[in-house]
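Following are the structures in question.
Shared between the two complexes below is subunit A, which pairs with subunit B and subunit C, respectively.
And now, the complex of A and B:
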């Protein structure tokens, strides 16, 4: 574990040097990423400018949901999202994946955390400010248990997204060009920026049980606000566990069928 | 003209090779737009009202579906990457010795990609329009429909030149991804494709009116729904043409300056 954390630290330093080589672009990208976060808050502001409630959620609660979503989004964008969605297919296409296999590291770890995006990490400081803003302006009293539950659910959300992306990314071993799946994944997780309570009937079932996008922000936020649903949490644990196992199997299967390209 | 058609044909075949990728890109945007539609269904259901901010539910659904279709035509991702790479990797040198206008070459490729994503997007949205046919309203009039199509086309050209300018600054910068990303982020809200601009507070609307982005989605959709008067349409088209002319003028100026600076690095 210590070894892998150290490697992540080294990856971060190397990548910071690479990204800072294009300084104007780096700072503009950070500005753009921060603006994108604020646009989500602005979007909710405009919606609540025209309605007092959204699927039973008040603005202060949706603010929590939005920053929960932004926390998850920043985490995955900084770490594994682009590595698996875009850089892995690129490595496979150029035949550079062979080089990665020769390293004394778990190939999945290396493929997922090889490039730590410092642009996203830098812009994430805005998320910290938004959390500060939430606690000083909107948060009412909450229990320690709710907060712990919130963190655990957030963790399950991240495991769910990682497993899902590993399955998506594994397809690159056959299709080589899987960047479209990466974009698709981005758009799908953006579904999680709204409370899934806006969906009714079959769609509600879909986003809660079949493709539980609700785990990204809605479920943790509700737990934080004191609305718990223990049977659903049990389902979520089982679902995430099975999905993780499937993703591991799919990844190993893809690795076994890997035949080098270009090199 | 013939050579640009040949470029378009070759580009079409090239993109068709990666059609699954393009399809997934478009379908992702489609799902995201469906979620916004679900949000508005929820708002109208909760408020138990016929009109929200001047829009009935069918008008809002039609607006959002129309914005989704325009998105698949205009607001495609990674706009300008190719131009940036052609300049920075020296590939431009190969084009400069050919008997063609390089900006028109890029424009032909761009329009071709737009046409393909538009067809894919249209196919997806037609399905949802059929499902939500009770909420989808036809254009205000035939004349409005033609003006809507013209506005979308001109919006696409405006979009191209905007990104073209921010791509050819690659003559001076190693990487133009940053500024293009900032523009894309601003566009995500300022075009009105996510939410009609009239729903914003007055001071925000004032800012949006000073920017060219509203011509890419909000303005065409207002024409489609018949929410603008004839004089506003004339004024809108005039402003749109002024923006396009200004951007073309700026792009020609930057292109000429850039060519003098170009050193075919990487070639």
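And now, the complex of A and C:
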């Protein structure tokens, strides 16, 4: 564990050095990310100028949902998302994945965290500001247990996203070019920006049970606000566990079929 | 003690036939023809601990594929291999800590950062203790003369300097087995020689088992006593390089410079004419006739100079590849 933490630290340090070597690009990227976050908040603000409630959600609650989503998005963008969606197919295409398989280090760990994007972490400081704003302007009394439950559910959401992306990324061992899948994954998680309660019927079932993107922001936010759904949490634990096992199997199968690139 | 043991190892690659043109690309979305290439065909060999073996073959012969199977990058289609008693493609951490692979055509150092950063990463990956890491860096810095480039960005280094750093990155954990895939490719003659000297010295001092592939015969002739020649996926020679030379070098190359112009038909009886230019001829003469023919040439022609050479190892290898096509 200590070894892996040390390696994450080296990855972070090295990539920050790399990015700061190209300063204009660094500052522009930070500005772009900050703008994208503010646009999401503004979008909800505009919607709530016209209606006091959206599928039973008040503006202050949707604000919590938005910053929950942004927290999850920042976490995965900083860590595994681009590594698995974009950088892994690139390594496979060039045959540089060879080296990852020869090192005494878990290749999934190496592939997922090889580039820790601290630039995203810099822009994520805005998320901290939004959390501060939420607590000082909107948060009513909440229990410590609700907060713990919120964090646990966030954790499950992250495991769900990681497992899903590992399955998607494994396909790159055969298709090599997997940018389409990376974009598909982004589209899926972006649906999590909205309260899934706005979806009815088949879509509601889809986003709760089949492709539970509700776990990204809606379910944790509701727990934070005091609305719990224990049977669903049990389902979520079982679902995440099975998905994690499947992703592990798929990844190992893909590693076995790695054909490298010609030298 | 045997360090590498390979038994009937084969590797097939499956791929799909690409039909050219837009229509072909569209058609291949629905219907594709699967093709199979036999990259390595049931090869067997073993390498003793501390041995430095040359693995020779033309492009596409199966050299790199074999090295990739032995380093656990690829699963074989059939057969078995053991390196230090481990099955490489099981990718056990204990095995990975005891071998290294260097590929001359690939770069494992961080491009935009000094090589020292990549060394630090490998130190953590291989769990090399601090004092051993410092000692090893000092050892390689002196041996390869790289102390002044350790903190220079990799992309600013010359190819030769980069290869030296690649070798250091691979050897930091003091591996027992080293796979070198074309380590001198693209280097100038001076850099090639430095890398060769380093490999020779390292093998001698550390008793590391080394399997070396190269296109450059000089690498193999200078470094290896034993060669394995592979062509079209199969081994066609495995043994002492001198025995190979003795077996195939049945002729000598005789180069004669004349004082006056000579007609080509006067020379045809003396040997096979390789090159001819009125005052200069290169003949290929069977070993047993060299002495007698040299005397005949010196007495019958106005000779200015005569040179008798062994056939070059490159020629022998080229001949072997051509006869095994």
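Everything that follows uses one rule, which is that the second predicted complex is superposed on the first by the 262 of 263 C-alpha atoms of A that agree within 3 Å, B and C clash if a C-alpha of one lies under 4 Å from a C-alpha of the other, contacts with A are read in each partner's own complex, and residues count from 1 in each chain.
In this section, contacts are C-beta pairs under 8 Å (C-beta built on N, C-alpha and C of every residue); 3 or more make two chains touch, one makes a residue touch a chain.
These numbers were taken from a predicted model, which means no experiment stands behind them.
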Notebook entry, point to check: With the two structures laid over each other on chain A, which partner does A:102 touch: subunit B (first), subunit C (second), both, or neither?
Noted result: second
Q) A:199 contacts which: subunit B (first), subunit C (second), both, neither? A) first
- Should A:187 be classified as contacting the first partner (subunit B), the second (subunit C), both, or neither? first
Return first, second, both or neither, reflecting whether A:60 touches subunit B, subunit C, both chains, or no partner chain.
-> neither
Touched partner set for A:46, first subunit B, second subunit C, both or neither: first
Chosen between subunit B and subunit C, the partner touching more subunit A residues is B
- Applying the touch criterion given at the start, work out whether A:10 contacts subunit B, subunit C, both or neither, answering first, second, both or neither. second
Inquiry  = If we overlay the two complexes on their shared chain A, which of subunit B and subunit C does A:93 touch? Say first, second, both or neither.
reply    = neither
Residues on subunit A touched by both subunit B and subunit C 21
The residues of subunit A that touch subunit B in their complex are 21-22, 24-29, 31-33, 35-36, 39, 42-43, 46-47, 49-51, 53-56, 175, 177-181, 183-188, 190-191, 194, 197-200, 203
Listed in rising order, the residues of subunit A that touch subunit C in the complex are 3, 6-7, 10, 14, 17-18, 21, 95-96, 98-99, 101-105, 107, 256-260, 262-263
Subunit C residues touching subunit A in their complex are 13, 64, 68, 71-75, 91, 93, 96-97, 99-101, 103, 105-108, 110, 112-113, 117, 120-121, 124-127, 181-182
Residue positions on subunit B within touch of subunit A in the complex are 18, 20-25, 27-29, 31-32, 35, 38-39, 41-43, 46-47, 52-53, 77, 173-179, 181-182, 184-186, 188-189, 194-195, 199-201, 204
